[in-house]
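Okay, so subunit A shows up in both of these, paired with subunit B first and subunit C after.
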Partner chain A sequence: MPGTSRPSLLARIDFGRNETLLVLVILAFSAVTALVAPSFLSLPTLFDLLRNSIVMGIFAIGVLLVLISGGIDVSFTGIAVFSLYTTTLILTRLGVPVPWWAAFLLSIAIGTALGLVNALFIAGFGLPTLIVTLGTLSVIRGVLLTFVGSTLISNLPVGLKEFARLVMIRGTTAEGYFFSLPWAFAALVGVVAVTWVLLQYTTLGRSIFAIGGSPESARRIGIPVRAVQTFVYAYVGALAGLAGIIHASLARVANPFDLVGLEMSVIAAVVLGGARLAGGYGTITGTLLGVVLIVLVNTSLILLGIPSTWQMVVIGALILVGTGVPAWQARRTALRAG
Partner chain B sequence: MLKKLLLTSSALALTVAVVGSVASAADTKYTIPTIVKISGIQWFDRMEQGVKKFAQATGMNAYQVGPPKADAQIQVQIIEDQIAKGVHALTVVPFSPEALEPVLKKARDKGIKVISHEAAGLKNVDYDLEAFSNAAYGEHFMKALAACMKEKGEYATFVGSLTSKSHNEWVDAAIAYQKKNYPNMKMVGSKNETFDDQQQAYAKTQELLRAFPNVRGFEGSASTDVAGIGLALEERGMSKDTCVVGTSLPSISTQYLETGAVDMISFWDPADAAYAMDTIAVDLLNGKKPAAGQDLKVPGYGKITIEGNVIYGQAWIDVTKENASKYPF
Partner chain C sequence: MPDVPAPFIVLDHLVKTFAGVKALTDVGFSIAPGEVVCLAGENGSGKSTLIKILAGAQAPDDGTITIDGRVHHRLGPRAAVAAGIQVIFQDFSLFPNLTVAENIAFSTSLAAGSRWVRRGRMREIAAAALARVGVTIDLDTPVEKLAVADKQLVAISRALVSDARLIIMDEPTSALTEREVRALIAIIRRLKGDGVAVLFVSHKLAEIFEVCEKIVVLRNGRKVIEAPAAEFDPATLAFHMTGRRFEPAPPTPGSTDAPPILEAAHLTRAGQLDDVGFTLHAGEVLGITGLLGSGRTQLAKALFGLTPIDSGTIRICGRDIAIRSPRAAIAAGIGYVPEDRLTEGLFLAQSIGRNIAVGRLDAHAGFAGILDRPAYATEIDQWLERLRIAAPDAATPVQSLSGGNQQRVVLARWLATNPKILILNGPTVGVDVGSKSDIHAIVAGLAAAGMGLIVISDDVPEILAVSHRILVMKAGRIVDTFAGGAIGEADLARRLAS
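And now, the complex of A and B:
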């Protein structure tokens, strides 16, 4: 009988995989939240969740690439805020209406340039990635606040205002209020698609895995390690520029004090998603699940009735467990194999 | 360019407001520097307007200096330099009050009068000037929120962080006032932390609406709180049915005041605070101590109260959609 020879659905699920674990945690968390507060199960909740995942999701994809390549980047929030603010300032000074995509291109260009600064120190001089990006984070932010500007721009250029109003899906609740998903969400989808193709189907993508696994071996089989590293940090810079300008557009303000401070949550999301800090391994699915989990927990603690004083503790504990369990599992597997 | 224009026009507005109301204190020309936390940011640019205004109106040598970055040590050095210059009085907005105690003691030992701002608890000063008492400020928010909500319904409160002393004093006073005076109002959840981040205020508002579908009032504390709350409510199309009040600045919140997503914001004007500090300094130099109930002839400081060495005004400014354009900072 075919039914007996095939393993059951449950048995086919690989519980050792990080993604499986994350999906289960997300489902369990949602179930508990829905039990405590039935209002959780609604379309507005889903749309809010997706809307609040856009910027963090784009950041996380960039961080994933860096982690796979065996490095770490903590400067991307600084790059993002520098790009968004400088772009807004330039467009405001110009005074001529510029379409939103031109603003996006400018911000991405500035982000890429700043990413190349990281690349210069990391690929060019071979300095440790954490040290370099910690340094560039403060330099970039310092230059921004000292020389570019430290005042909020709440009257955004027309193009950015228009972009924020582009709504992909809109709905009305029973009480007659709205919920919507902005087109900015398509940017995250696009970034995911491009990065997925890059990692799966291109030599460049496979080289990123290779240099993260073992830079020496990669070099010996002829991978241009420095060139690949340069690409990685420029790419992260570009994504940061994109995430930054989207953030400003959706928040309707260019705030030079924004975003910096978010980097640890993003890195935590990526590590929760199974990427190894040691390099050479990480998946986009896992990363996105990690982002969803962090955003979900971050925006459900009031619903669960957890007082503000405990919210930080809960989030910290979740990260500890989420990253600790896979690490412990990996060690057990290694011990059994050895 | 635009900023400069706005600042100039605001200075003019201020001139109109205070001109003529200044008591010409004495014939002596005193040198009174104002040392601020950091130079070049909007808040202290605005404060400098008040200092210049005072110098112009009284003929005193009043001017403002401050470190290029927020650093207690540089601020100490600047104060040392000013003492060496032989100034008559110092007015100071400390970055880190404790770090200034020794240098301020040195100044006072030399007979220099010292007035501080936003540093209640500082010991080595003649007086500290506060724009208002935190409790009175918090109660004033609850009165505004209650008036807007017709004294009934659920409301939520936001603070920048649970460790921010002033934010929590404002909100705690507001809650206490509500409990005493508006029995049909009810706070939902606990004080929400936003970490001075608009996105956090935005996401927390969405969540509050899920958790408490009937919440209709919001009080923010950090300057970006009401902007995040306003954005979330506007996207929901709830602006008309909700009331939002809180501390903020017009430069941050005007777009939400205009659409009605935010109903009222309050702040204090640093230019007025500087003017009031300089007034007290000159009075002291002329041998006149500030007295409770005294009128400093500065808007918001018309009837000061004194507790120990702290002087309080009632210098909050309420801004709604009608008068937002008057305060370009």
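And now, the complex of A and C:
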């Protein structure tokens, strides 16, 4: 690159970054979809995309934290469904109308408590994170369906119904199509902002990166590794509780069979966003782009008239390419360096 | 210089027992401010235990540690740091994913108990620490992108940030080239000038003399000698460490009329090897030396098919053989003991037996590929005995063995496949003096039995001790060839560094 002339915009783009790759894939997907189905390029599509990203986005931020810390959590969907269903059941049984935020606090509290159970096994007994969370996922879901309930609650408590009706933006296009964005979106924005500050500007957040980079070194320089891990799993639990109750509110039903099964898509979104399963790496921007891509694939395939079972094939292919290409490049560089 | 400076730290009658085995018995010595002390000893001599006690990771069963006149019966990790003791472990304990600045300043912000990250302050602290060491490294580079020597400098800088008064360096030179070792020694001198004491733990004997004022030798958990460095020479130091005498006997010259078993010509690989050619005779030990990046490791990898050559020919026993993969190399009778045995050469968590026999599974496969267990077990026991591998039994996991014994397990694996040619890359890196001499004897024995061996090493005394012929590599080319015994240590070291 000549040092004197200002590099062109194209030359300044860092193609080695996962985020860049994701933006390009997202643009390509949108372009193809828009060519086949021109109605894709519209405000209603955009707002659908944003609305569909809320729950997955909150989950993904939680997963990002766990992956950075060098662990993995597959139990968060179980925690979410347990929190949302138990909260709904308690409020319905109480019969007293409570405001939406009280329901949220209750669900978040339940989620945090379940996250602490994970933390007990992982930070307390030092067990492998995948094994622990696979176990707790199964136990949490089993306890929910056996002891709490297995029937749909379609008449949600008043607070949650009201929350679903809180609309942040609404409007009608020139063609007469209606679009809206619920206030629930603000929850995602809030979670992103809080987590960003946490990861970038607090000693706790940097400790999470440090533990993911090298747990042994972290211990040696005096980072309270167990305390940080406990925080991470509790935080994921809290986010799962929040995502769960938002999901129930927006879906206008508390379904105990819901959400579980989504965990692999969420982890896929975070990994596509550049977080490494080995720990220590991951960005919020990448994670959000990963979520957008996966939600976009789901939406655009429907618009393109491709059967929804193809989603799995496409997402799988994206993971293979998205994580395979950087790994292959890294290996080639390493070989050349010898 | 004052005649007797008040010591910074005094260790007195330290005792540590693990499950009834005494790791340390009545060990005591002192370190003055700005003094450079070397702690020498073989694996299992108690060095690591002593480091852990000083770092506060373990408490002694008996004895005292006096720092600046204050008597402690034990140190916690925080107390050790507060007293100014910093340990630089062999793996440096850095965070590969964080930047240089963050790695250096992390512990200070932890110690200050601050909840918020102040990047500006972090960079200032890091820049000041690097300046004190006298090096410049980009503050924003992630540590995983740094070379080993730079990682070590980052670790040293981090130690200084915490107001270190004693820096303990565990095997600081094992991954460095000669030139980097010189730079490190200059830095240690600089720290000494600042009044920082250094406790240096090293196997590489030559380097110990240059930088240390005092040497403390441990053997079997006891201090066998503590004396000014000037009173030692390599032979006496090796004697104190092992309790054995070593005769640095040069190898008996191999007969030159033995048939060539490996003839390499015009080996070239873009950017790594440039027209390399040599001949290896049966019963010969060929030493190849060069600095890191000279192509010595690339040559070994090319011969073993790990990074195949772009052009050139390899003839084995007079036949042209294309070596495109390790499988082809093994089929042609080549064995390769890699530089980094931990990641490339061993299945660490598995037993010694499995590690030895894994290259021979085919030979013990009987009807329908089912393993003939008794034959397999007998062979493993023979190798344990032949190479004198010190282990309770063949079921012991390799990761619990010392460096010297691990290296013997890798050797046993290859010898079990009965190769014609054995390539040893850095055969004694991280191996103690006693085992080193044993491994050299094994190499000589194999050559005497007719095998052709290539020993690659940047350890000049080692190359001189084992080789019949020596090739010097630089920038992917062979630049010099010497007959063993035709060049001295100082001359060869100079040829390498020039």
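What we mean here is this: the second predicted complex is superposed on the first by the 318 of 338 C-alpha atoms of A that agree within 3 Å, B and C clash if a C-alpha of one lies under 4 Å from a C-alpha of the other, contacts with A are read in each partner's own complex, and residues count from 1 in each chain.
Following the convention adopted for this analysis, a contact is a pair of C-beta atoms (placed from the backbone, for glycine too) under 8 Å apart; a residue touches a chain by one contact, two chains touch by 3 or more.
All values derive from a computational prediction rather than experimental measurement.
Placing subunit B and subunit C on a common subunit A by superposition gives a fit, with no clash between them.
By the touch criterion defined above, A:Leu160 reaches neither subunit B nor subunit C. When both complexes are overlaid on chain A, the residue A:Ala80 reaches neither subunit B nor subunit C.
Of the two partner chains, subunit B is the only one touched by A:Thr309; subunit C is not.
Of the two partners, subunit B and subunit C, it is B that touches more residues of subunit A. Between the C-alpha centres of subunit B and subunit C, as viewed from that of subunit A, the superposed structures give an angle of 130°, to the nearest 10. Look at A:Thr202: by the touch rule set out above, it reaches subunit C but stays clear of subunit B.
Using the contact criterion defined above for the overlaid structures, shared-chain residue A:Pro44 touches subunit B, although it does not reach subunit C. In the superposition on chain A, A:Leu272 makes contact with neither subunit B nor subunit C. Of all C-alpha pairs spanning subunit B and subunit C in the superposed arrangement, the closest lie 36 Å apart. Shared contact residues on subunit A (touching subunit B in one structure, subunit C in the other): none found. Residues 200-206, 209-210, 212-214, 216-218, 220-223, 280-281, 335-336, 338 of subunit A touch subunit C in their complex. Looking at the complex, you find that subunit A touches subunit B at residues 37, 39-40, 42, 44-45, 48, 52, 146, 150-152, 154-155, 175-180, 247, 251-253, 255, 257-258, 261, 298-300, 302-303, 305, 307-309, 311.
Subunit C meets subunit A in the complex at residues 77-78, 81, 87, 89, 91-98, 102, 106-107, 109-111, 114-117, 271-272, 297-298, 301, 307. Only residues 3, 40-42, 68-69, 162, 189-193, 195-199, 202-204, 206-208, 210-211, 213, 224, 227-228, 231, 235-238, 251-252, 254-255 of subunit B touch subunit A when the two sit together in their complex.
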